[in-house]
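Alright, structures below, take your time with them.
What follows is a pair of complexes built around chain A, which joins chain B in one and chain C in the other.
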Partner chain A sequence: MLIYTLKRLGLALIVMVTVSLISFMLLRVSGDPAISLAGEGASNEEIEFVREQYGFDRPLIIQYFEWAGRAIHGDFGNSPYLNQPVAQMLRERMGVTMTLGICALSFAMILSIPLGMLAAVRPNTWIDRIALSISVMGQAMPSFWFGLILIIFFGVYLRWLPISGSDTWRHFIMPTIALGYYATPAIMRLVRSGMMEVLASDHIRTARAKGLRWPKILFKHTLRNAIIPVVAVAAVQLGFMLGGSIVIESIFALNGLGNLAWVSISRSDLPVVQAIVLLLSTIYIFLTFMADLCNAFLDPRIRSS
Partner chain B sequence: MKKQSIQLLSISLFILMCLSCFLHPAFADKKNDTLNIAFSKELETLDRYFNTAREGIVIARHAYDNLLYRDPVTYEYKGLIAKTFKWNSDTEMAINLRQGIKFHNGQELTADDVVYTLNFAANPDNKVKTQRYSSWIDHVEKTGDYGIKIILKKPFPAAFEFLSGANPIYPKDYYSKVGTDGFGVKPIGSGPYKIVEVIPGQKIVMEKNENYFKDSPKGQPNIGKIVWRTLPEINTQMAELMTGSLDWIYLIPPDQAAKLAKIPSLTVTPAETMRIGYIVFDAANRSGKEHGMDNPYVKLEVRQAINHAINRDSIAKNLLGGQSRAVYSACFPSQFGCEQDVKQYEYDPVKAKKLLADAGYPDGFETTLYGYRNRDFAEAMIGDLAAVGIRAKLMIMKYSALREKARAGKAQMQFLTWGSYSINDVSAITSHFFEFEADDLSRDPIVKDLLMEADTSIDMPKRKKLYSDALKRIADQAYWCPMFTYVSNNCYSKDLAFTPYPDAVPRFFQAKWK
Partner chain C sequence: MTPIQQQQFDSGLGLDVVFPTPGQIMRQRMMTHKGFIIGGVMVLMVFMVAVFAPYIARHDPYHQDLSNRMIPPVWSETGTWDHPLGTDNMGRDYLSRLAYGSRISLLIGFSCMAIAAVIGISLGLVAGYFGGIADMIVSFIITVRLALPAVLVAIAVVAIIGGSKHVVIIVLGCLIWDRFAVILRATTQQIRAMDYVQAARAAGCSVIWLMVREIMPNLFNSIVIVATLEIGRAILLEAALSFLGMGIQPPTPSWGLMISEGKDLMLFDPYLVTIPGVALFFLVLGMNLFGDGLRDVTSPEGRS
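After this line comes the complex of A and B, so read on.
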């Protein structure tokens, strides 16, 4: 287990460095950041001044290592646009994004687990088909479009929910649904297949033969066994959701990391974009790493392979 | 059974409780005397000398006052903080200040504040971001408690425009104490509204300045409170406007604005702005000389052919709508010196084809049209060009990437736009693009000399004539293909009396509830 853990950790670190390097380079080749920061119609002198001030005139590889060296110590530099420490900006906005991510994941679980169970209990029936349709719709619909549909229906027509902002818990309802719905199919299918596999096993047959009540068999003996891989997948889905919040946060004007990433990309605020990419990829890699460990702990075959 | 019933009742009550929380109808804030508005961009700082976005201009007009004020209807310059202003010579201006003007912190505005602010802005060591607004000032001297004189580096006839449109006056003591960082989040001015709350990236709250001086040409503020929110997504802004959570939004695309106009509770006013759209050609042949590219745009006939090929009226009427109109001169019509009597290239594809044939391109040629915004407009241009045989590929890039390519001399034909920073003077556009600076793609010494002489002349008739000659030559040589003016769709509550102006700077201090 220790060797397996060390191997996965090494791989996770390599992925992290690769992500940071590629994102750093891609951002730099997408356009001269000095031109964006200097503003529309700035003279060559003004652009040159900005370039020197922020060190964009030095070789890319030197810029990368300087940035990476500081980033290891939690110093992501200052935002050239807002002139604030990037680390402070991330701290201020992290709460909103984490709240949204966790709410969306909870919503996805609350929706997909019962749907998966229903589909497993009545496989290949109209119940199964409906459950599958509900979840597949979530994956088929682009989240920004679904978000706008929710706004029109619940915000504009019914006027039940606030459309934008993050002042109260009611502001999080629509973004949670828009973001969480997308993750439903993956979890629902896993619950369905896991439940079907466990329901067909000998110990369930024995339990039914003993005359145990159906809810007890379903929740205590079946779901408990089928839910283990779902936990691992859910952790990975949380990583997806933190990344996916970029679009949702800008639609609902939630002042989180996603919204910050969106506006920072548009104004070429490179230190902020880099820090967010690094932070979100680190969280994703960490969650994937934990999921791997979890799976390996539960299934020795993974460790030996 | 009893246990199940209790559980069911508890769940029902919980759902009912949740639903009751949702049932809060949205309403417009006329009754609370609060104007809710939204903009797409977050301001980097509220210090006007360190922000470059249009939103910065809007905030500045409300929270700060300038020495002068330009009437948005007559374009006449009036004293704002200044009581009187006059030229002592070509390079010296004398200004007497009004007495009794108070900053929002109660401190009186005096000559010390004006001298400090303008000297701060003009000093390159302070690295203000808006250097072009103040770089013409050499220094400012105090001549009395309420008197100053501005010494210019060289004659600069657009000085009144810049003193009215830029260069707000700050309280010396406060600014020197808190610096730009402190001022950027907690600013103090002397304008009709005071900023009382700033949540970066989310909102700015302004309250009416009850002590605003009575004879201000800006008038007296009417609405008690303005809540300014940052909402990056236009669709979200529209939804908030429809529910009454917002009272005013702008820069709404024409198709969306048409839908909003059908809602009885809303007013949509499409107002022309100073921004114009144009095509610029590599007439100086940098692409050919420096990169060995085949460049058809060195030929006058090709540039003229494109001017004839583009159906400006159709784009202005069908794609921009509202008050948008075709333009033929390389400037916005209301700007000082913007000569309208220039060669007009009417839409005539037959003439365009003939000109191309005369230039040696009877079958047209392949090219690339670069742009950074309004893909739909650019696609209409591509269609017009195809009709005369020019097979143009459209390349939409990020602004910074396009600017880099263009300044390297690699973009031969670009669809660009320019808003002149809302400055009503030709020097804010024509002089920027035709004086051999980085964005000058024609490099015509005759045009350059005419413009540079005009830029430094304070003899207004002479200045006007020089600009006229330059613009006529630009049109004759078809260095640009000026096309149309832009329109800002202002969408707002029917309860609001609001007037938009061509400089696209909304003036909420003049707005009131009906």
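After this line comes the complex of A and C, so read on.
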């Protein structure tokens, strides 16, 4: 287990470095930051001044190492637009996005695991069909459009829920549904196919022959085995949802990382965008790392391979 | 549907046993698979709209007519048949914009898929065929790609370069190849281990020949299935980008952009948002049903 952990950790670190390099280069190479920072209609001298001021005239690789070196210590520099430390801005917004992500994942799990189980136990019945339609529709529904429909229906027509802001828990209900619904299909399909596979295996037949009660077979013997791949997918989905929260947060005016990213992108506030990309990637890498460890803990076969 | 022709097979026992050919089995499965048929018809309908957009649209999708702003669709009390789906807040005919918007969505969907396919298939094929170090490198690239938040990176890059059709296509194409690579890698590994590939290798076939003539034809099914799903994903991503103002730029009629333009007025005129949204949902749902159906129809055990 220790060797496996170390291997995974090493891989995670290399991925981390590569991702940081890519996110730095990608945003730097796609345009001249000095021109956008100097603003529209700036003279050549002004642009040159900004370029020297921020060190954009030095080789990219040196700029990267400086940036990465400071980023390790949690220092992402100042936002040129707001003249505020980027790290502080991220800290302030982090809570909202994490809350949203975790709520959305919980919503997706609460919806998809029971439905997936029911669908697996009663394949080709109406419950299976409902589960299937939910999953097929979830994959085809644009999440931002779903969010707007929720606003029209629950916010404006029924007037049950507030439509924007992040002050109370009630503000999080619609964003949670809009974002969580997106992750439901993947988890549900996995639970269904996993359950069906385990239900058809020999040890379940033995358990039934032994006369064990059905709920015990279902939860202790089947779900436990079928849930292993779900752990990994749930972690991956949480990562995707944090990345996708940019769309949902902008619709519901939630004051989180996604909203900050969107605002910063529209005013070309490069250091903030780079920091958010790096932060979200780090969270994703951390989540998959934890999921790998979790899987290895649950399933000894993974450890040895 | 033509009647299924059957092949005569002499069992040697003097009995006439009739077996359908694999092609006939597949055709029969296709015709009886509801999702496949419905999805195919839905996609075909959008295709027809895109091809015949000039005939469906009775107005210029770019023509602004400020005296005819915000006419509601024909099913509401004040709607007219002149503008069956109403007009937007610049007085442009909504049906015309919707019809021309289908061209944008299909163009983006197919072009992104093509770029993603080239990248993903080459990576998957190389990793699956050579294994070892090549496999490790490709797996690493896939991990890195998955760790980057796709929507965020796409929006940022498009915003820096400046939004246009070509930029959106290239950026999205370079970001959504992961599923191609993952699935093609696994499938290639399976096929590579088969006896006939080993036989061809033993017969002295070159690596290129093995890949292109022996392995590729068997990957065709997987490629088409992933491709349909990726088209749906690209269409949704383009819509999200355009919705946030970082994709297709006005006044081009893109469905995502139409939703974004109608967003501020949706509290009074929900049709501005619901109509293009339903169109998007319809197209992507059709694509996914078609892709899922294709997987069922072509899989050896024929999942139902």
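Here is the rule we use: the second predicted complex is superposed on the first by the 271 of 305 C-alpha atoms of A that agree within 3 Å, B and C clash if a C-alpha of one lies under 4 Å from a C-alpha of the other, contacts with A are read in each partner's own complex, and residues count from 1 in each chain.
Note that in this section a residue touches a chain if its C-beta (ideal position, glycine included) is under 8 Å from a C-beta of that chain, and two chains touch if they have at least 3 such contacts.
Note that the structure is a prediction, hence the values are computed from the model and not measured.
Aligning the two structures on chain A places chain B and chain C in clashing positions.
Of the two partner chains, both chain B and chain C are touched by A:250.
Residue contacts after overlaying the shared chain place A:156 against chain B and chain C alike. Residue contacts after overlaying the shared chain place A:261 against chain C, while chain B stays out of touching range.
When the two complexes are overlaid on their common chain A, residue A:202 makes contact with neither chain B nor chain C.
When the two structures are aligned on the shared chain, A:285 is found in touch with chain C, with no touch to chain B. In the superposed model, A:148 makes contact with both chain B and chain C. In the superposition on chain A, contact is made by A:170 with chain B only, not with chain C.
Comparing the two interfaces of chain A, the one with chain B and the one with chain C have residues 30-31, 36, 148, 151-152, 156, 250, 262, 268 in common. Taken together, the chain A residues at the contact with chain B in this complex read 30-33, 35-36, 38-41, 43-44, 46, 49, 53, 81-84, 148, 151-152, 155-156, 159-165, 170, 250-253, 255, 259-260, 262-263, 268. Looking at the complex, you find that chain A touches chain C at residues 11, 14-15, 18-19, 22-23, 26-27, 30-31, 36, 124, 136-137, 139-145, 148-149, 151-152, 156, 236, 239-240, 242-244, 246-247, 250, 258, 261-262, 265-266, 268, 273, 276-277, 280-281, 284-285, 288.
Remark: chain B residues 21-26, 41-42, 44-45, 50, 52, 127, 129, 131-132, 181, 184, 200-202, 229-233, 235-236, 239-240, 242-243, 245, 397-401, 403-404, 407, 418-419, 432, 437-439 touch chain A in the complex. Residues of chain C touching chain A in their complex: 140, 143-144, 146-153, 155-157, 159-161, 232, 236, 239-240, 243-246, 256, 259, 263, 266-267, 270, 273-274, 277, 280-281, 284-285, 287-289, 292, 304.
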